[in-house]
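Across the two complexes that follow, subunit A remains constant while its partner is subunit B and subsequently subunit C.
And now, the complex of A and B:
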C-alpha cells in the first residue's frame, strides 16, 4: 500500500427527462463516456466501476463490458438508495488510494419516473420482515416516513409549512439559471401553499422531481490527473451513518436526521466548518431534508433553517449557496449523483450563469432520515 | 370501488407470529427480554441491551402517547382508495423510554391531533386473517 492520493478528474451525465425511453445501461454508458471525454482519458484505463442501486439499474460489470473492457479489477454495486450517493464516491477514492484499482467510474443510472418509482407501490406488496409493522398500516412510500419526521421537527422547533415553502421557492429560483434542470419556472409562496397535498406536512412542491437519467464521476490518481484536461477536485473527507434498522421511527430523535451524527464527524475529520463552505449540494428528496440537514450540519441552529432561506442566506450573496443547480426538487431526481456533478463543475469554475464566485469548498450530502453520508470537495 | 381488497398482509415468521396472534385476540404483545426486562420492538432475535436470546411476548397496557404523525392524502395501494385521508403515526409506549410502534390514529378529527396526546389501543379486523392495533384518543 502506497500513500498515493486519488482525485476527481471527470464528470458526465445524460439529459434529465420526464421519461427517457432508454435503458439504464444506455444512460450509464453515456454518462460514463461523457466523464471520460471530460477528463480526456481513454476508456481502456478504467479498471474500477462503482454504483449504487435499489435493484433498479444495470450493474458495473455490464457497463464495463458495454464500454469494451475485458474485465474490472474493482466492480462494486451497493444496494441502497440516495443515502449511498456519497459512499460510492468515497469507496472509489478509497479503492484507488489503496491500489485496488487505478481509475474508477462512479455512476447512478435510473428511470425514477418511467421505471421503478419510489413514490409509488408497484403491484402487490409483500409485508415481510420488519416491513410487516408498517405496510399493513399504510406505510408504503418513503415520503410518509419523512413527513412524520418533519411533523416532529415542527413540534420540537416550531418550524412551519412556510419554512418548507422557502426551501422550495429558493431551490426553484436557482433552477431557473440551469438549462439542464427540468423545472425552471419560479414559484411564489402562494403557489407553494396552493399546491396539492401528498402527505401532510408535504405538498407536491416538497417532493423530489422524479425523472430519468444518469450521472457519473471519474476518479484516478493525483499523479495521473496532472496530464488530464480538467483541474482536479479532491475529496477532503467523508462520513456516513446508517441507523435505525429499517423502521424510521426506531431512530430515537425523529426531529434529527443522520446528519446530526455525520455533521460533527465530518467537520472534525476535515478541520473545516460550515462557514468555510462556498456552496452546499444538499440531498433534497424533500424540502424538509434540506431544512433539517442545513441545521444538523451547523449552518444555523435548530428551527432556524426556514428563516435562513427566507433571509437570502442560502443563495448568492448569502452565507452559502445551497443547491445552485436546483437539486432533486427542480433539476431532477438522479438520486444525488447530480449533486456531485454540480459540485465538481462549480469548483472548476465552469458553472456559467450560476457560477458561485471563487467557489473553493463544497459540502455534498446524501440521504435522509436515519440514513446518509456527506463529503467535502475542494479544489486540488 | 372494490371493498374486497386487502391491505398488504404481514408475512408472519417465527419471530413475529405471536404479535399477529395477539392482535387477533385483541391483545397488544411486545417482545420482552427475560434476563433484563428490556422491551424489544419490532421483534428481533436478541435483546439489544444485554444480548440475551431469552425473549418472550408480554402483554402491555395498550396506553401510549402520540410521538409524530402524517396525514396521507393519496392512496398508494387499492386498499386505501376509500380510506384517504388517513393518519399514520408513531406512538410511544409508557412501558419504556423510546419504545415506539407504527400505527394509525383513528376516531380523532385531524384538527385535534396533537403530539404528546394520550392514546389507547383499539383493535380492528381489516382482513380475514388480519387484525391491526390502531390507537384512538383516550376516552373517545
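And now, the complex of A and C:
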C-alpha cells in the first residue's frame, strides 16, 4: 500500500434526453454498467462508488445494490454541484491509491430537465441560508449569480455580448459532430443576438442545456488495468479551490472565477502549461464560465477569450480544442461528468468524426463562480 | 418575529427564512433600519450574518448604515425564476456596496428607473418597503439624485 497508482479504465453513459422518463437510480446503474462493460471488468470487482449530488440524485450504496453488490468498502456522496465534478474523480483515484478500495465507480445521474430544475423555483418558498437576502428580490438561482460576475468582467475588461456569443457558436459547431449531443444545429451571431434574454447579460444560448441522463467513469489500479480492454488514462494532477464560503456575491474579484486560484496550482503541480493541452473540456454551465476559465487557466490574457474563440483558436487547427463534444451548452447538462467521458474517449483516440488528432493531454475543469477544480488527464 | 402569511398562492414572492444569526437583520428592517453586523473588536462589517466575526472571532452587533452606496454589478431580470415578479419584469437586481461597509455586497432590486439607466458604480439610496405576502420589509434602492 502507498506506492500503487490508479488509472481510469472505463467510461459509460446513458442517452441524454429532454425528459428521460426514468429514475436517477436506473440511469446511474446503466452508466456504471456501461463503464464496466467498456473496461471488460466484472461488476463483482467494484468495492467503491463515489458521486456528488445536489437537487436530484441517488446514493452510492443504492447504486451498488442495483448493480448486484452486497455492499461497498468505500461509498462516498459529496454534497454539491458541478464544482465537485473533478473532486469526485480525484477522490476515487486517491481512495484506490491509498488502498481504501480496489475499484471505484464515479457517476453523476440527474433529471435536470424533468426532475429538479436549477434555474427556477415554482410555488411558495421560504428562502433559507445565503439566498434569504436575495430571494425576496427574485435573486436566487445560480445563473443569476454568475451573470453578476459576467457583467463585472465586461466592465473591468471590456468583454462583450458578442464574446459570449462566440463561445456559444463554437460550442454548438462542435456538437454538430457529436451524435450523442442533444442540440446539433449550428447557430450564427444573429441567431445568438436575437435569442431571448434570461437575465441580461445572459441569453438563452448562454445557458446550459438542461437535460436528463447519467455518466460514469471507472477507476482501478494500474496493475489491474494491464489486463483490461481499453488503454488506461491517467490523472496527472488535480487542484481545487472552493472559496468565499460558497457565497458567490462575496467572491472578492468578480471578474475572475475560482480558476484564478486553481490554474497556477495545477500547472505548478503537473509541470505542464496551457500550451501543452491538446483539448480542454471546460465546465460550461454558462458561456461566461468557458470564457473566464479559459483566461484564468492561462490560455489567453484577461478580456481576450472572446477574440480567442472568434479567431478559431479554440477549435481544430487552433491552440486547443475546447469542448469538442458540445459541452453542457449543447451536448447536455450532465453536471460536468460528460466532460470526463469525452476527455477519456479523446485520449483513447475513439472520438470518431470529432477526434482531436494525436490527443495526449486534456484539461477538464469543473465548477464556476467561487468554487471549482480541474484536473489534467494524459494517456498512460 | 414576522412570519409568512397562511396559504401558498403561486404568485407570492419568496419570503425570507431568518436563522439565529440573521434574525437581527430582518428585525431591524421591520423596525425601520437597514443594519448590518459589525464587529465590536475589530470594527469590520459582516454580511451575510454569522454568529461571530470571521476575522477575529469578536462579538457582532447590528449597526445601521445610511443606505447610501454604489452598484458593484447588476443583472436585468427578464425570465421568470420565482413567482411574484410578473409586473416587474424586466427589472434590475444589483449587488450594492454600502458606503460604510465596503466588505458587504447586498443583493436588491433597483427601482424607479429604466434598466438602461443603470451602470456599475452608480450611486444609490436605500428605501425600505413592505414585502408582499408576509410581514417582512426589504431594502430596495433608487438611483441617487
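Going forward, the second predicted complex is superposed on the first by the 376 of 380 C-alpha atoms of A that agree within 3 Å, B and C clash if a C-alpha of one lies under 4 Å from a C-alpha of the other, contacts with A are read in each partner's own complex, and residues count from 1 in each chain.
We adopt the following convention: a contact is a pair of C-beta atoms (placed from the backbone, for glycine too) under 8 Å apart; a residue touches a chain by one contact, two chains touch by 3 or more.
Every value quoted in this text rests on a predicted model; they were computed, and no experiment measured them.
Following the superposition defined at the top, how do subunit B and subunit C come out on subunit A, clash or fit?
With subunit A as the common anchor, subunit B and subunit C collide in the superposed model.
Which holds for A:201: it touches subunit B only (first), subunit C only (second), both, or neither?
both
Who does A:254 touch here: subunit B (first), subunit C (second), both, or neither?
both
Is A:360 touching the first partner subunit B, the second partner subunit C, both, or neither of them?
A:360: touches no partner chain.
State whether A:310 touches subunit B only (first), subunit C only (second), both chains, or neither.
In the superposed model, A:310 contacts neither subunit B nor subunit C.
Which positions of subunit A sit in both the subunit B and the subunit C interface?
Common interface on subunit A, subunit B vs subunit C: 120-121, 124-130, 132-141, 144, 147-149, 151-152, 155, 196-202, 247, 249-250, 254.
Provide the residue numbers of subunit A that touch subunit C in the complex, in ascending order.
For subunit A paired with subunit C, touching residues are 119-130, 132-141, 144, 147-149, 151-152, 155, 196-202, 247, 249-250, 254.
For subunit A, which residues count as touching subunit B in their complex?
The contact residues of subunit A facing subunit B are 120-121, 124-130, 132-141, 144, 147-149, 151-152, 155, 196-202, 246-247, 249-250, 252, 254.
Considering the complex alone, what residue numbers of subunit B touch subunit A?
Listed in rising order, the residues are 7-13, 16, 41-42, 67-74, 76-77, 79-80, 83, 85-86, 88-90, 98, 100-104, 115-116, 126, 130, 132.
Which residues of subunit C touch subunit A in their complex?
Touching subunit A from subunit C are residues 4, 8-10, 12-19, 22, 25, 47-48, 72-85, 88, 90-91, 93, 95, 105-109, 115, 120, 131, 136, 138, 140.
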